[in-house]
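Both complexes shown next keep chain A, but they swap its partner, so chain B is in the first and chain C is in the second.
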Partner chain A sequence: MLQVEGVGKSFGKERVLHDISLTVETGHTLSILGASGSGKTTLLRGLAGLLTFDKGRVNWKDEDLTNLAPQERGIVYLYQEPLLFPHLSVFENIAFGLKVRKETPKAIESKVTTLLDELGLSDHAHKSPEELSGGQQQRVNFGRALIIEPKVLLLDEPFGNLDAQTRSNMQELYLRISREHHITSLFVTHDVKEALRMGDQWATLQSGQLHSFSSQADFIADESTGAQAEIRFWQNVQSS
Partner chain B sequence: MSRSTQILLWGIGLTFVLPFVVLGLWSVADTWRYPAVLPDLTGDHWQRLVSGQSLLLTGLLRSVGIAVSIALVSTVLGFYISRAIAYHQHQRTWLFFAYWPCVIAPGILAGLVYIFFLRWGWAGSWGGVWLGHLLLALPYAVIVFHPFWTPQIRQYEQLAATLGASRIHIFSTVLFPMAKGMVLIGGFQTFLISWFEFGLTSLLGVGKVQTLPVLVYQYIQEANPYLAAVAALILMLPPAVVLWVNKRFLFTKLV
Partner chain C sequence: MKISGRTWPNSLLRWGFVAIATFPLLAGLVYAALYSVGLAGALSDGFTWRHWQALWAEGVLWQTLGFSLYIAVVSIALSWLGALWLVWLSRGRLQKGVLGYLLFLPLGIPAIAAAFFIFQWLGSTGWLSRLADQIGLIQQPQDFPNWVNDPFGIGILAAHILLALPFFTLLLANIYRQERLSALIVLGQTLGASTYQQVRRIVIPLLWQRSRPVVLVYLLFVLGSYEIPLLLGRSHPEMVSVFVIRKLQRFSLDTIPQGMAMAVLYVVLVLLALFLFYRKRRVI
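Up next, the complex of A and B:
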């Protein structure tokens, strides 16, 4: 279980995060809905160890991660862009984290081949990233993170640059993979439908303040999430 | 291709090639005086070079040693320092300092540091000349590599870190390979800066440190066109080889 207790962050006089506390159950996905500038990226970067919170603690089960370097946390941060290493093939990109951990070539071959098959990328193993479509690149991006079995996966609007159909396919793929691999994750998005679809737990982040919801029904009922406005929009479309 | 274009291209080609032909002839000339169209040929000058009888061989080896080590050190340090500058809050100030040695002439730079080199006993030593070359090449490498450090490169670094890669691993398996074309350009350019450096070497070397460009000048001063031609041709050879070997990266693949 990931537990975040009272973390805060300011840049100069600007306070970006206010005493944020949250809990994500093991194997669950916490959807965080927030507009641009709400502090989502700062929160994720702090959890990954890429910046230091001014205060508060980050715990995984009984382990205090607060002062650990990004390399030691076991928390992978995935950006909106797939950021595949352009000088490595699809296979080598996915194998990156295993090579860092000095796994044997045989183990790397076996694990990467299995994951490529699971992600439907077996035919693309030896291609370079630039030969792949946007959706395929994001699948490689997931594979590269999943293969090292991270404690927590942080996803910063990972489907933001994809077209509607590919986005829907990727959401489905991620849900399947995350359930199969029992992944604990924070999924940040500004799309209310995506937040509803991807999460097991829900929260909003507005002006650096996090508000968690105890259930999906509460999230939908809250006017600030925009879910009610979405429902009214479709009801109006249907009735007109 | 039209005939006039062909003539123009041949003309440009000859302009590049003819000086080397003349140098080649001087380097194998026993004597070449007016009105002889071609010189009396001899292999003595090259033989003296190969047998080590002239200063050229030691000058060549020392120039290669200095230029290669300067290229390696300034490329590696320049890559690392340019990253530190790019991510620093006062990067403009630091970059200004890096531009400074490049915009003033090497001879003037040598004049500025000469007093310190004299005081510390570095003037007239190989180490002093090597340090002088580094003062020119390192800031140049920093300027070459600075544009590489974009926000996206920083994201690559951070992603690799969250995947568990150490700082050394990130540099060796992510950043250096991604900057391969730029690293080759930087290495080649810093090699050339050191290889052809004359003014600073003359001043800081106070005549005791004889690199190849210093020898070329010395032979010209002695009115010895034959050895000057041999030295000049040797001076052209290593950059030409490096250029030929790396032409694919140098001309097509910057990053």
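Up next, the complex of A and C:
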């Protein structure tokens, strides 16, 4: 279980995160709905150890991660765009985390081949990233993170740059993979439908303040999430 | 669909450019080749391998080519590694501020001026030797090690590094930014890579892969350099250009074919290296 207790961050006089606390159950996905500038990227970067919170603690089960370096946390931060290593092939990109952990070539070969198959990328193993479509690149991005079995996966609007159909396919793929691999994740998005679809737990982040909801029904009922506006829109379309 | 009215002028332009760019070189190469086997030139007296055999017999051929290659490889390797270190330390932000202007400065220095600076600095009675003498590191300026006109080409290496280091620093800093290496390093960090692994598995291979064609061109440029080895080198071993010019400009016309032979061999080896490099790139 990931537990975040009262973390905050300011840049100069600007307070970006206010006393944020949250809990994500092991194997669950917490969807965080937030507009641009709400502080969601700062929150994720802080959790990954890429910036230091001014206060608060980050715990995984009984382990205090607050002062650990990014490479020691076991928390992987995925950018909005896939950001694959351009000098490595698809296979080598996915194998990256295993190689830095000095796993044996045999184990790397076996694990990567299995995951490539699972992600539907077996035919692209030796291609370079620039030869892949946006959706395929994002699949490699997931594979590269999943293969090291991270404690927590932080996803910063991962499907924001994809077209509607690819986005839907990727959401489906991610749901399947995250359940199969029992992934604990924070999924940040500004799309209310995506937040509803991807999460097991829900929260909103507005002006650096996090509001958690106890159930999906509460999330939908709250006007600030935009779910009610979305429902009214489709009702109006249907009745007109 | 090709529009014939637009295709033929393009094709003509392309072949015209190729002809203008390659014909003089090709003609020069053929003339030099004929000269080196006694079929052209003022003293030509029929086909002979005599001049090639003379080069081969003296062992000068491989010493000259080997020394040139050593200077080119060592100076480029040290410059590239130095640039890598600077870019890594600055995280690719070297082009900003005063340092950015300072880096551009050596790019405008002619090779002969760089050679002269190095001569002033490293010569046995140069500034470094006097400084070492002043602070008591040596008894007299003449005790200073010989770094100019020395058998290891230290002066030549220093002059080439003086010119190449800023060039590679700017090149690598550009690649660092364009390829978003900062973001890739952060990503590598969250995937578990230590600082050493970030450098070894991300920074070096990516910068090397992207800068390799320019490195090759610069290497060829150093391989054929003239002014720097002329001022800072010894008469033996010599770099290729110095050897060729010396043979071509001697009072005796007998040495010209040897200079031509060396020039032909050098050009053929360079073209072969380029051919292999670009063929490999196409295969990749």
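Of note:
We adopt the following convention: the second predicted complex is superposed on the first by the 240 of 240 C-alpha atoms of A that agree within 3 Å, B and C clash if a C-alpha of one lies under 4 Å from a C-alpha of the other, contacts with A are read in each partner's own complex, and residues count from 1 in each chain.
One rule holds for everything that comes next: a residue touches a chain if its C-beta (ideal position, glycine included) is under 8 Å from a C-beta of that chain, and two chains touch if they have at least 3 such contacts.
Being a predicted model, the structure only gives us computed values, none of them experimental.
Steric overlap between chain B and chain C is present once the structures are superposed on chain A.
Residue contacts after overlaying the shared chain place A:Lys9 against neither chain B nor chain C. By the touch criterion stated above, A:His124 is placed in contact with neither chain B nor chain C. Of the two partner chains placed by the overlay, chain B and chain C both lie in contact with A:Ile148.
Of the two partner chains placed by the overlay, chain B and chain C both lie in contact with A:Pro86. Within the superposed three-chain model, A:Arg139 lies out of touch with both chain B and chain C [touch as defined at top].
By the touch criterion defined above, A:Tyr77 lies against chain B and chain C together after alignment on the C-alpha atoms of chain A.
Legend: residue contacts after superposition of the two complexes on their common chain; A:Arg167 is shown touching neither chain B nor chain C. Overlap of the chain B and chain C interfaces on chain A comprises residues 48-50, 69-71, 73-77, 79, 83, 85-87, 96-97, 99-101, 144-145, 148. The residues of chain A lying in touch with chain B in their complex are 45, 48-50, 69-71, 73-79, 81, 83, 85-87, 96-97, 99-101, 144-145, 148. Interface of chain A with chain C (complex): residues 48-50, 69-71, 73-77, 79, 83, 85-87, 96-97, 99-101, 144-145, 148. Considering their complex, residues 179-180, 183-184, 186-194, 197, 201-202, 205-206, 209-210 of chain C touch chain A. Of all residues in chain B, those touching chain A in their complex are 152, 155-156, 158-166, 169, 173-174, 177-178, 180.
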